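Handing you this structure, nothing more for now.
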Amino acid sequence: MTVLQERWQELADVKDELALRDWFMGTSGNLAIKVQDSPTEFLVTASGKDKRKRTAEDFLLVDANGQAIEDTHLKPSAETLLHCEVYTKTAAGCSLHIHTVANNVISEIYGNRGKIEFQGLELIKAFGLWDEDAVLTIPIIPNHAHIPDLAEEFQKHLHGDSGAVLIRNHGITVWGKNAFEAKKLLEASEFLFQYQLALYQIQSQ
Amino acid sequence: MTVLQERWQELADVKDELALRDWFMGTSGNLAIKVQDSPTEFLVTASGKDKRKRTAEDFLLVDANGQAIEDTHLKPSAETLLHCEVYTKTAAGCSLHIHTVANNVISEIYGNRGKIEFQGLELIKAFGLWDEDAVLTIPIIPNHAHIPDLAEEFQKHLHGDSGAVLIRNHGITVWGKNAFEAKKLLEASEFLFQYQLALYQIQSQ
Amino acid sequence: MTVLQERWQELADVKDELALRDWFMGTSGNLAIKVQDSPTEFLVTASGKDKRKRTAEDFLLVDANGQAIEDTHLKPSAETLLHCEVYTKTAAGCSLHIHTVANNVISEIYGNRGKIEFQGLELIKAFGLWDEDAVLTIPIIPNHAHIPDLAEEFQKHLHGDSGAVLIRNHGITVWGKNAFEAKKLLEASEFLFQYQLALYQIQSQ
Amino acid sequence: MTVLQERWQELADVKDELALRDWFMGTSGNLAIKVQDSPTEFLVTASGKDKRKRTAEDFLLVDANGQAIEDTHLKPSAETLLHCEVYTKTAAGCSLHIHTVANNVISEIYGNRGKIEFQGLELIKAFGLWDEDAVLTIPIIPNHAHIPDLAEEFQKHLHGDSGAVLIRNHGITVWGKNAFEAKKLLEASEFLFQYQLALYQIQSQ
């Protein structure tokens, strides 16, 4: 199996798993995985596909600017520019963007503060925070219909090779060393958002 | 594969997927897909079936008035008249009607206003609304036990070839160009209703 | 296939489906299906089994008093007496008892009133209520650790060949003509309870 | 099949089932099953694996101190010490540790009281409590980043051969005679936590 085939399969497996959880409602969401450096090439989800199906047209190979490398009728996801920022500014190998009810609601409630913080929860260790008093901060950026503006805002928060950014009413984007690490951050974030939402419903009363 | 077989399979696939999500609780819900124009013929779910099973009796072919085209012991779903309105008044190719807890609760809370509106949420793009200040309006009509009355009320809101209408305490009906598009609207609506419900629980406090 | 084999398979299919929904948490729940009248014989779930597995020891055949008909090491579910009441007092062919978070919470909140009522919701049609102003009443009885006392309390509400009774903090029992009908009532009840719970969280504020 | 193979398969089956419920979000959770006494040997989940996959490297055999018995590149889960306490202090055969949103939220809300109690709920029978006025008490201990401290705190509550302990914002650990019994406690606890959470949202208003 070539590196391309391996990466394709890894991303397809992640897609299957997230689809089973209904994390691509209304054809939302897009996924990417790096295939090589210098020059950067990565696979990204093709636009307008049903992500519950597994086909040979689910992904296409693009360059650091998000342009298709081979001649194809497939179009990269509208938000490919955000993935370009990830692979240009960090050493991450995989980046995932999805919508859930919890991540959208959290992004709206905490949107004006520009971030949400978690402390004292075991699950923040998924982000590599092992100290007893560590604080996980997930920034929340405004949504922009114009994708280059959104990408510009997004890249300001690419401070490491793994991380997460919430876009207000527009889901979360996570990035990590590889598919395993990116999925771990995605799951941990979702857990934390659902936790915060449940606690909010009780404590604000 | 004939067009009829193709449409049958598309609708059966949609049925399987929605059944897995438990969107047909208590044998509720009904689905339709157009097979041909002039004269209009469409497949519609047969009444009284378990939609978690896939059988050769799941659908039957009916005409623009919802009458079975072939001799059959199967009866079309009680609400076939609403699907007739869709294929008579629009160019849609698929229409889906389902009950979820979220769509029933939203239809009750917002029922007196006759509609629910969404703005500033990425997911409304599923309805083709791409402007930053676009507003998605989903009408909510009263429920009528008498189906011809319900169909009459429903058809007033068939303003385009795709769309969605909530019936108070009686689920949602969506329609779109094909099964893919109709399912996209169904999922996006459900996401938006769950979002609104979660936000309502917090903000009304 | 004998009648016994047919009924076994029907009940096993229902068990598989309910198990997938996690409606048997902590080995709770029990199911029964009638095999013959005069004398009454019915299959009931064996005690202490994992209902997510499908085995040849999932059910055993018992008589109208809940006694095993054949020599077996299997023990009928502790609450078999309730199923006995169903087959003795009604013409129902299947009875299902399960716990969900929603049915337990509803039984607690409305327990002192002795019942919960639903009106104006399409889903109550699953109970054969088609009038626009029909009211579905589901009785809620106190829980008794002593099963004969519980069965005595339960049988007072066996007014027809299909129906549902909530036991306070002890799940729901439904009965109907066959497995298809009983499952329909189970699903419709669960939908209604989840609906009421979501509405309660908002409207009580 | 050797005892080791049997235990491996039992634990792998439990892992599959819990993974399907998304009870290992963000690679959280760890599982153990005893293989022999005198000297104690048990299988425990290897660190850093995706628990949704079933592989030959999912578990490794360790001794009563949590040290690998054979030469291996696998590392036992970081929290293996808690499982060591279970097999040292009790006759339990299986111990399971998982995170859910409900168990984390409950552990936070009731954390200062050091415990949560359940009475009058049928599901507490899963813990062997059959009296009508029986009370189930689940202790809640503080979380410690230093695992030996956590294990020391945890072992104070190992009063019988089956039971459950909540760790504040760090999930639940249950132990029981075998995999079947431990899973039963895990499911019953989760049901009770979700019940309490739903009731809390309504009654605290």
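Each chain carries a letter (A, B, C and D) given by its place in the written order, and its residues are counted from 1.
Here is the rule we use: contacts are C-beta pairs under 8 Å (C-beta built on N, C-alpha and C of every residue); 3 or more make two chains touch, one makes a residue touch a chain.
Worth saying up front: this structure is predicted, and the values here are computed from it rather than measured.
Novice: Which chains does chain A share as contact partners with chain D?
Specialist: Per touch definition, common to chain A and chain D: zero chains.
Novice: Counting shared numbers against all numbers at the contact of chain B and chain C, is it over half, same, or under half, different?
Specialist: Here the answer is different, because the shared fraction of interface numbers falls below one half.
Novice: So chain A and chain B are the same sequence; what rotation in degrees superposes their CA atoms, nearest 5?
Specialist: 90
Novice: From the mean C-alpha coordinate of chain B to that of chain C, what's the distance rounded to whole Å?
Specialist: Whole-Å distance between the two chain centres: 31.
Novice: Can you give the whole-Å distance between the Cα centres of chain B and chain D?
Specialist: One centre to the other, that is 43 Å.
Novice: On chain A, where are the residues touching two or more other chains?
Specialist: Within chain A, residues 201, 205 contact more than one other chain.
Novice: Quick check of your reading of the touch definition: is the inter-chain graph here a line, ring, star, complete or other?
Specialist: Topology of touching chains reads as a ring, each chain with two neighbours.
Novice: Can you identify all of the chain pairs that touch?
Specialist: A-B, A-D, B-C, C-D
Novice: Of all residues in chain B, which touch chain A in the complex?
Specialist: For chain B paired with chain A, touching residues are 17, 21, 120-123, 126, 130-132, 180, 183-185, 187-188, 190-191, 194-195, 198-199, 201-202, 205.
Novice: Can you list the residues on chain A that touch chain B in the complex?
Specialist: Interface residues on chain A, with respect to chain B: 22, 25-28, 50, 52, 99, 101-102, 104-105, 108-109, 143-145, 167-171, 197, 200-201, 204-205.
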